[in-house]
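Okay, got some structures for you below.
Paired with chain B in one complex and with chain C in the other, chain A is shared by the two complexes that follow.
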Partner chain A sequence: MSTAALKKTSALDQGKTKTLLIFLSPWIVSLIVFWYGPIVYTFVLSFTKYKLVGDASFIGIKNYIDIVHDNNFWHGLYTTFLFTSLYVPLNIVMGLFTAFILDLDVKPLPLWRALIFLPAVLPVIAIFVIGKFIFYPNGLLNSFLQVFGIKGALWIANPDLIILAAVILMVWQCGTAMVVYLGALQGVPKHYYDAAEIDGIGKVGQFLHITLPLISPSILFRAILDLKLGLMIFIPALVLPEGNVPGGPADASRFYTLHVYQKAFQRFNIGEASALAMVLIVISLILTIVVMRTSRKVVFYEV
Partner chain B sequence: MKRLVSILCILLITPMLLLAGGQQEAGESAEGGAELSYWHLWGGSRTELVEQLIERFKSQNPGYEFEVTFTPPNELQRKVVMAAGTSALPDVVQLHSSWMPDVNAEDTLVDLTPYLEKEGIDLDDILLSAEAKRSHYKDGIYSLPNVTAGGMGLFFYNKDLMVKAGLDPIKDAPKNWAEFTDVSKTIVNELNDGDELEVIAWDPYQMAGQPATVYFSFGAGHPTISKDGIESLMDSPGVMNTAKKFDDYIEEVYGKYGGYRAILEWNSKVAGTDTGAAQVQAFIKEAQTFYVSGSWTIGQINKGNPDMDFSILPVPGFNGQHGGISKHGWSYSISQSAKNKDAAWEFLKFITISEEGNGWFCKQQKRPCPIEAVNDDEVYQEMGRMWENLVKGMSMDVFPEAPAIHQDVVKPWLRDIPARRISGENIEEIMKDIDNKYQDYLDDLNE
Partner chain C sequence: MSTDTLRTGANTTQKLSAKQILRSSLKPSPTIESIFKYVVVILVCAAFFAPFIYAISTSLKSQVQMLQQPRAFFPLPLHPKNYVEVFNSYPVIRYFRNTLIVVGAVLVCNLLVSSFAGYALSRIQWKGREAFFMLTVSTMFMPLFLLLLPRFLIFKELGMLGTLLPLIIAPALGSPTSIFLMRQYYRSIPMDLSEAAMIDGCSEFGIYWRIILPLTKPALATIAIFTVRWRWNDFIQPLIYLQSEKLYTVTMGLYTIMGTSAEEINIHHVMAFVIMSIAPMIFIFLAAQRHFVEGTTHTGLKG
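Here is the complex of A and B:
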């Protein structure tokens, strides 16, 4: 290619790059202004004493020292990890299960699709408000059990069960995960199954050795998203507990994010709240990296 | 390219100039009135009354325009404190007199002393002494109460339900805790068939406004927080005694139905949602015989069930007598960032101490404010004996130093008691835990 032609191509590329940047600029600007900007600002505030009223003063790492000496910090981590460790695998299993049902083309398909996907389009707050009516001490579930003479559990008034109720309601929204898995399932070439059948491999074997490896990138993708959702869980702590007790009963649903929220907007301790938020960001990053690294042996991007 | 930059600059600068021009004009109108922003907490039917109140003011003061914002009481503190921190307070704001340190009053609110002096107003002449005292903060007066005796604790009781239970609504109306427990047992036993509660007497853990534990502890002379607002007294002997009384009450009155669990189930069935507002609905629906709340509820109950025959008493006390009365401190203030402070004062005066403004507003709700309304014959005729009790309540000792109650924080912990009791924790452990949490919260606030 001549020098003139190279220059022309380069000019064209530059033109394309400019167009690309112009079209991407709303996203880039909002990413910087609404995501990275607040993260940096939060990081700065985490080294200050700031009560919303008055000026912020630099206090070094005191906020970080204070938060690790606070039992609420560890309790918040515990409840959040407990929720996440139940939610992530269950959501994967339910998402896969519902995707399989739809992939089987069971009639009437539109009905199953609607039933499975409808909760996913409802706002999370609506899910938990509905859930509260279900899990109330005298709610739908217990009233139903009463018909058979069974005295139901107290669910949202029971510290041992409220997390489970929250997980069930979150997993009820597995429709978004189902869409991802369904897309992946339908992308698995049919001839792999034909070949497997000729080789005498049963359905379970086909699932374990063909389906699962081929949809593993989608599972990883959803697992990371669900992990993020689990760590950020907040709404059930405010909406679900009986008696409208944030984090109740007996602090059983006092998630980490509720601790951050209360520090910031109930106690106006913005410095400590920022430090707590930064710790959560770091935990989230570390867990994501761990999942990515450990998944290398079980996630297959090519056959 | 230059052309594009010029167009962009014009597009950016024009709205800024327009906004700047608009800001210059905001706060003042051509007729010499003003444009005022006003935040209040008057929800429900009272929102409409606020609109009428503003119209009354406007008819007497032409040229005023208002930007009115309603915020529920439980969200107001957060909103006001954040607005104070970011110089975003409205011209006239409703707040609680105990929030003065939280909003840094001397830097964010207008000291009303010069205005009161100019008008020759002495607060002691127009307010109960406790309320006049609460209006002072440091060396100034940064707020005026929106009602007189508005936050007085009242004990509402359904006379029809008492009659149905075979009780005399006058003679058997309980004046102390022992009588209250006995009457409650009779009502629950007489008005329920089978194992499930249909009609209850009272639930100590569901209450609008101040949590009942705090309320009754005050009544018995035991605050839940030290006067300087630094120390939690939630596990002090006095408050612990209240918690134990409530615990015993649940066992004695509802024990044979399943105690705390029966009450939880009743709540979820009858009250629908478990908030204080739902409790007044349960009283209005006549599924609950007693209701403890402030005098503001009289109008709400009358409107909700005009046929219900109810009356009021001061709250039953633990010492064999009626209990004392704790004071709220809902007030109005003027923001230092108000563009037209004189105009804001005119409106503040109208909604706090004028007969045409606040007096009218209170009468619409059948509540005694300003203090002159107590002797209003028309109201007295309409309210009869209930009014007598209300006035009697007003003349009782108040706790002028009733400490700041961080309702949003404390209430959920106290409302959590039934679930924790069902889980097997004893009341002493729970109160100690609440004390720790409250202390932790206070340490954070006072740091």
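Here is the complex of A and C:
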């Protein structure tokens, strides 16, 4: 290669490197300052005593010892797990069900899809404000139940029912899952069903042996995101309880996140709040890995 | 052997046609099946949409109509004065102005940054690109709620807490989902286009700006809509970062109104504001449902 040509390629390379740096630098700054940095920062703060004013001092694992001796920690874990264990499977089932009925060649699809998708597009707080009214003693749900002679419940004033109310309102937003599943369903080749038909396999069998395996990667992907949404559930604790008592009634909706929020932004105990955050980060990481590992046996990837 | 196969093949065809004839004569007429199908779809969609009708009808009720039992689903006469009353008792215009500032600023910056980063991650060859992409995608699975405390401390250090900047700066520096979507889109554009331009002496930036960028308009539209949606709907970040009521966004306004008129009897004012706060999103959704659906199927995200 002549020197002139070499010079030209290196000039080109220089241009490439410059463009690369300009193109990536804003995102690199964001990754460091707003994504990975904060996790490291939380980890460091969790070993310090820091009350927002004054300096932070290193106190070892004292924060971790203190948080597990607080009943709110265990109660927060319990309510969050209860919510998540109801929300994740129900959201998958409702998402699949709505996707399935919309895949039955109903016209006009955009209209029906829009009606189911709409709640998922709106602000979560608006959904819970509208939803709260539905669950009021004289709200839509109890009026509806009355038509059938069923006596309604005091949903948001009853500690046993408020989690269920929160789950129902979150599942009302299953439109996102529905759209993902519908996309997957429409991607299943039609001749698979024709072949099954010839073999005399019924509709249920077709769903179990063809549809489910083929869309299982989508289900797994959504399940992991739903798991994250479930563990981070926060807004209903603020908005849903009767009388706007955060975490009420009787602490029934005192989710883990509310505990973190109050520690950090009402009592300004940054050290303990960071320790609490680290615990949930680790839990959500472990659960995600567990789901992915166990799903390897179930999820079907097309070769 | 080959004749055998042929014969069996012919046999199946024969059997199939016999079966088909049999089935078409035994099957219940397709109209009953499709009527049943539509009944199910309409019922499910009605259940998903009924709360919105209820919210709208409640927002048009007078105090007297609120006290009637059972509450009318379609209140007559309509009482649109609730909307005026909400306007007069809360700084509604300020809520909207603040949200629009955040949405506008983030929209412009995020489009640019994500388009840049997506380009660098797909159309420029460099060492470590795939690893960097994994770092980017991993942030999509991070528990955002738990990053807000360290981010709050960072914004405090930067002296941004009395402004709207904490709501703007992080999402303005690119979002993982937008970058992911852009990258996927760039990869669908043939590399020949870039190579041809390079031979013609076009610089890397020139290729991006004059040839590739104009081709990515559909992806940019999807990202624009998602950005507007996320910023419009965001509630937890305003709740944590905004310490003065002057900075309150629409969702914070909703939370404020909810807090001051929590009793079931005053909910018609709350509903009037909910309807106002979600109306812009509903219009955007109806006008661009295709982009909502495509963005969701490609990322699986609610955001």
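The criterion applied here is as follows: the second predicted complex is superposed on the first by the 263 of 303 C-alpha atoms of A that agree within 3 Å, B and C clash if a C-alpha of one lies under 4 Å from a C-alpha of the other, contacts with A are read in each partner's own complex, and residues count from 1 in each chain.
Basically, a residue touches a chain if its C-beta (ideal position, glycine included) is under 8 Å from a C-beta of that chain, and two chains touch if they have at least 3 such contacts.
Keep in mind the model is a prediction, meaning the values are calculated, not measured.
Asks: Applying the document's definition of touch, where does A:V53 land relative to chain B and chain C: first, second, both, or neither?
Replies: first
Asks: Examine A:L154 and indicate which partner it touches, taking first as chain B and second as chain C; both and neither are also allowed.
Replies: first
Asks: Thinking of the overlay built on chain A, is A:A126 touched by chain B (first), by chain C (second), by both, or by neither?
Replies: second
Asks: Once the shared chain is lined up, is A:A250 touching chain B (first), chain C (second), both, or neither of them?
Replies: first
Asks: According to the stated criteria, A:N138 is in contact with first (chain B), second (chain C), both, or neither; which is it?
Replies: A:N138: touches chain B and chain C.
Asks: So, does A:A99 touch the first partner chain B, the second partner chain C, both, or neither?
Replies: neither
Asks: With both structures fitted on chain A, tell me whether chain B or chain C touches more of chain A's residues.
Replies: Result: the larger residue contact count on chain A belongs to C.
Asks: Give one of first, second, both or neither to describe whether A:F268 is in contact with chain B, with chain C, with both, or with none.
Replies: A:F268 contacts chain B only, not chain C.
Asks: Taking the stated contact definition, name every residue in chain A that is touched by chain B in one complex and by chain C in the other, in rising order.
Replies: The answer is residues 52, 136-139, 243-244, 265 of chain A.
Asks: In the complex of these two chains, what residues of chain B are touching chain A?
Replies: Touching chain A: residues 78, 81-82, 84-86, 102-104, 108, 205-206, 261, 264-269, 273-275, 408-409, 412-413, 415-416, 418-420, 422-423, 425, 440-441, 444-445, 447 of chain B.
Asks: Which bits of chain A are touching chain C when the two form their complex?
Replies: Touch residues, chain A against chain C: 15-16, 19-20, 22-24, 26-27, 29-31, 33-39, 41-42, 45, 52, 97-98, 101-102, 104, 106, 110, 112-126, 129-131, 133-134, 136-140, 143, 146, 172-173, 176, 179-180, 182-183, 198, 218, 221-222, 224-225, 228-229, 231-232, 234-235, 238-239, 243-244, 257, 260-261, 264-265, 270, 273-274, 277, 280-281, 284, 288.
Asks: Considering only the defined contacts, which chain A positions touch chain B in the complex?
Replies: Contact set of chain A toward chain B: 49, 51-54, 70, 72, 136-139, 154, 157-160, 241-246, 248-250, 263, 265-269, 272.
Asks: Spell out the residues on chain C that touch chain A in their complex, using ranges where they run on.
Replies: 12, 16, 19, 37-38, 40-41, 44-45, 48-52, 54-55, 58, 69-71, 113-114, 116-117, 119-120, 124, 126, 135-136, 139, 141-147, 149-154, 156, 170, 173-174, 179, 203-205, 208, 229, 232-236, 239-240, 251, 254-255, 258-259, 262, 264, 267, 270-271, 274, 277-278, 281-282, 285-286, 289, 292-293, 296-297, 300-302
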